[in-house]
Amino acid sequence: MNGMGTNRLEAFSDGVIAVIITIMVLELKVPRDTTLASLRALAPQFLSYLLSFLVVAIMWVNHHHLLHSARRADPRLLWSNNTLLFWMSLVPFVTAFMGNNCWDARAVALYGVVLALCSLSFALLRSAIIRHHPDDGDLVRYHRGVQSKNLFSMLLYIASVPLAFVDVRISFFIFVFVALSYFIPERKLAESTPASPHES
Amino acid sequence: MNGMGTNRLEAFSDGVIAVIITIMVLELKVPRDTTLASLRALAPQFLSYLLSFLVVAIMWVNHHHLLHSARRADPRLLWSNNTLLFWMSLVPFVTAFMGNNCWDARAVALYGVVLALCSLSFALLRSAIIRHHPDDGDLVRYHRGVQSKNLFSMLLYIASVPLAFVDVRISFFIFVFVALSYFIPERKLAESTPASPHES
Amino acid sequence: MNGMGTNRLEAFSDGVIAVIITIMVLELKVPRDTTLASLRALAPQFLSYLLSFLVVAIMWVNHHHLLHSARRADPRLLWSNNTLLFWMSLVPFVTAFMGNNCWDARAVALYGVVLALCSLSFALLRSAIIRHHPDDGDLVRYHRGVQSKNLFSMLLYIASVPLAFVDVRISFFIFVFVALSYFIPERKLAESTPASPHES
Amino acid sequence: MNGMGTNRLEAFSDGVIAVIITIMVLELKVPRDTTLASLRALAPQFLSYLLSFLVVAIMWVNHHHLLHSARRADPRLLWSNNTLLFWMSLVPFVTAFMGNNCWDARAVALYGVVLALCSLSFALLRSAIIRHHPDDGDLVRYHRGVQSKNLFSMLLYIASVPLAFVDVRISFFIFVFVALSYFIPERKLAESTPASPHES
């Protein structure tokens, strides 16, 4: 597996993510009539579609940003990337599951589980990339800063699972909050993040 | 988000648009028999497919043309692009909705809403790109000329929404008219467009 | 529309063709049981899938070969390419229509119509590209040779439409014959093709 | 067909494989309710999805690795590649077939047949590429080593077909075993593989 350029890894990941983000719309069931009631019944599906589009778009941006620092497509990088793509590929499924079942607590909890696993895969991918730069202290420090933010998102996603059974709106708020937190440019955030235990 | 090349942004957008334009055909329900009646019943679906293929193909051409002037993938560019892709991703849904419901007024109006939102996103994307060129008067003047045309299309799409309830053929005519207007090469049009208020 | 490189045109076309060739498999209805009868009932669908995969794969190879000679993505090239992609995008539909209806004469005839329109679009695309080379006699002569073959395939596809009502096996034989004829390397064929009227 | 770069062949294959690996998730039927029984009923589908994602991801890695040695896209390479893509495109179908029918023996056997045909296509593709290097003894020796492993996987897949009728768990074990064997880096394996008859 030596000799695989990161370019092709990026191109393949882009292809998979482009398909993921687009096929979700196929799960928006087209109503057979045009009554307002039929359209209103689509609201929970549309909301979960909108949320997932935002989440996957952010993952795409982060993925690009992350692979930018990759030096080579070694097996560790390759398979943490494939693991990430696997969990991301389940987003259309849980999106439809949540939408079709009107944001039922169990469906929202499952959505949280999949997002938490995506976050975990991102963290593993970042670890694989940090190992490519044993000598570049600045870059490692930067990535460890983002890693902290990544792990914090993962903890929030994990919390969203039991909280869905309290009130699905809490979980929904967590999903939106984590998404919006990624609009703060990462470098600035990395500077203001308190040093993680690993950094000392 | 610094460091994202516009190349990868283009490649990802191309992937998403390629999937959008192609999965629309999955909404053409394959008849279970081959009677002429079954095929004739497909006519409204086929017409909406043809229209949407044309519309998305034009959007792809314009998108390419527009990104050609982008200097860097800054957050503003990135997220106006993602907004555009989101509204474009709904085109297969409204295409099927309009086709399955035989061009019912409400379905046509919703189609107009989605195209208007695509136009608005294009205008926002163009604004983001104009900001990359504070010093290049010619390019800015060119893009502002196209912007006027863009905003005019958006107004027509907005008008198509209430007009669908008068007669869906008016809205259909608007959709086709706007599409055909894009076959006039843009540079020539930009030269002949009266200066917009912003240009003075 | 000046300034569009042919590279991006190729990349977009590749994306669309990759999706077309792959989503056809979604029309192979997965049987709910595993009796031999259920699998046998899939035979006509599988045969039409196999045929269409071959046809689209050949179109992809020819498309690549053809765009290799394109100098610039002018509007004429761009829109003959989009026309080709439109007719190709209907291949999954007619494939499923033919498969689901057990190669009924009307379905086979419609399949022939779509392939004939793909052939016509290829001929228009080739004309657009020949115009890029007013001075290169050898290249023009080569493309005109392939053009003759292209037009001959189109005539065969047109003939397959009425012949389907005589016996669908004749049309099937035509589809397979045209496909196999493309395995003969094109340059050799171009050399052995009698000069077309346009060449003289 | 001379003049086709291997780059575009790779890009097209990547596109097809990206769509294949992603559309499989569309076959995971979204339950209409959120009872544990509904989710539990998904288990066989989820397991077959997970297995196929792993299998296709490994095929993608191997495909990249293999095409790395290709010199030119000659017809032999092109069509062995298209043959491979054809059999790979059936993976989503057999995955859904196996999942929907709860790993019934016939469905598992068909899955084995398709994987065996993918393996065979890989072997043909590798033969086509070995011919590009008549003079490079080291590279040929390396590819022949991997070829032995490839053929051994194919034999195991062939064996999985009748063994599915004994106990589907044996076939499942074979699928997983072959997949895991590809995590051993190929170069090392090639060195430790006993010389094949062709190598002498």
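Letters A, B, C and D name the chains as they come in the text, with residue numbers starting at 1 for each one.
Operating definition for what follows: a residue touches a chain if its C-beta (ideal position, glycine included) is under 8 Å from a C-beta of that chain, and two chains touch if they have at least 3 such contacts.
Owing to the predicted nature of the structure, the values given are computational and were not obtained by experimental measurement.
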Report task. To the nearest 5 degrees, please report the angle of the rotation taking subunit B's Cα atoms onto subunit C. Result -> 90
**Report entry** Self-contact between copies subunit A and subunit D, residue sets same or different by half
**Finding:** different
Report task. Report, in whole Å, the distance between the mean C-alpha point of subunit A and the mean C-alpha point of subunit D. Result -> 28
Requested in this report: Using mean C-alpha positions as chain centres, tell me how far subunit B is from subunit D in Å, no decimals.
Outcome: 39
Report summary line: Touching two or more other chains in subunit D are residues 11, 15, 18-19, 23, 26
Report task. Write out the stretch or stretches of subunit D touching subunit C in their complex. Result -> 1-4, 8, 11-12, 15-16, 18-20, 23, 26-27, 75, 78-79, 82, 85-86, 89-90, 92-93, 96-97, 100-101, 104-107, 110
Report task. Going by the contact rule at the top, pick out the subunit B residues touching subunit C in the complex. Result -> 10-11, 14-15, 17-19, 21-26, 28, 30-34, 39, 50, 53, 57, 60-61, 64-65, 68, 183, 185-187
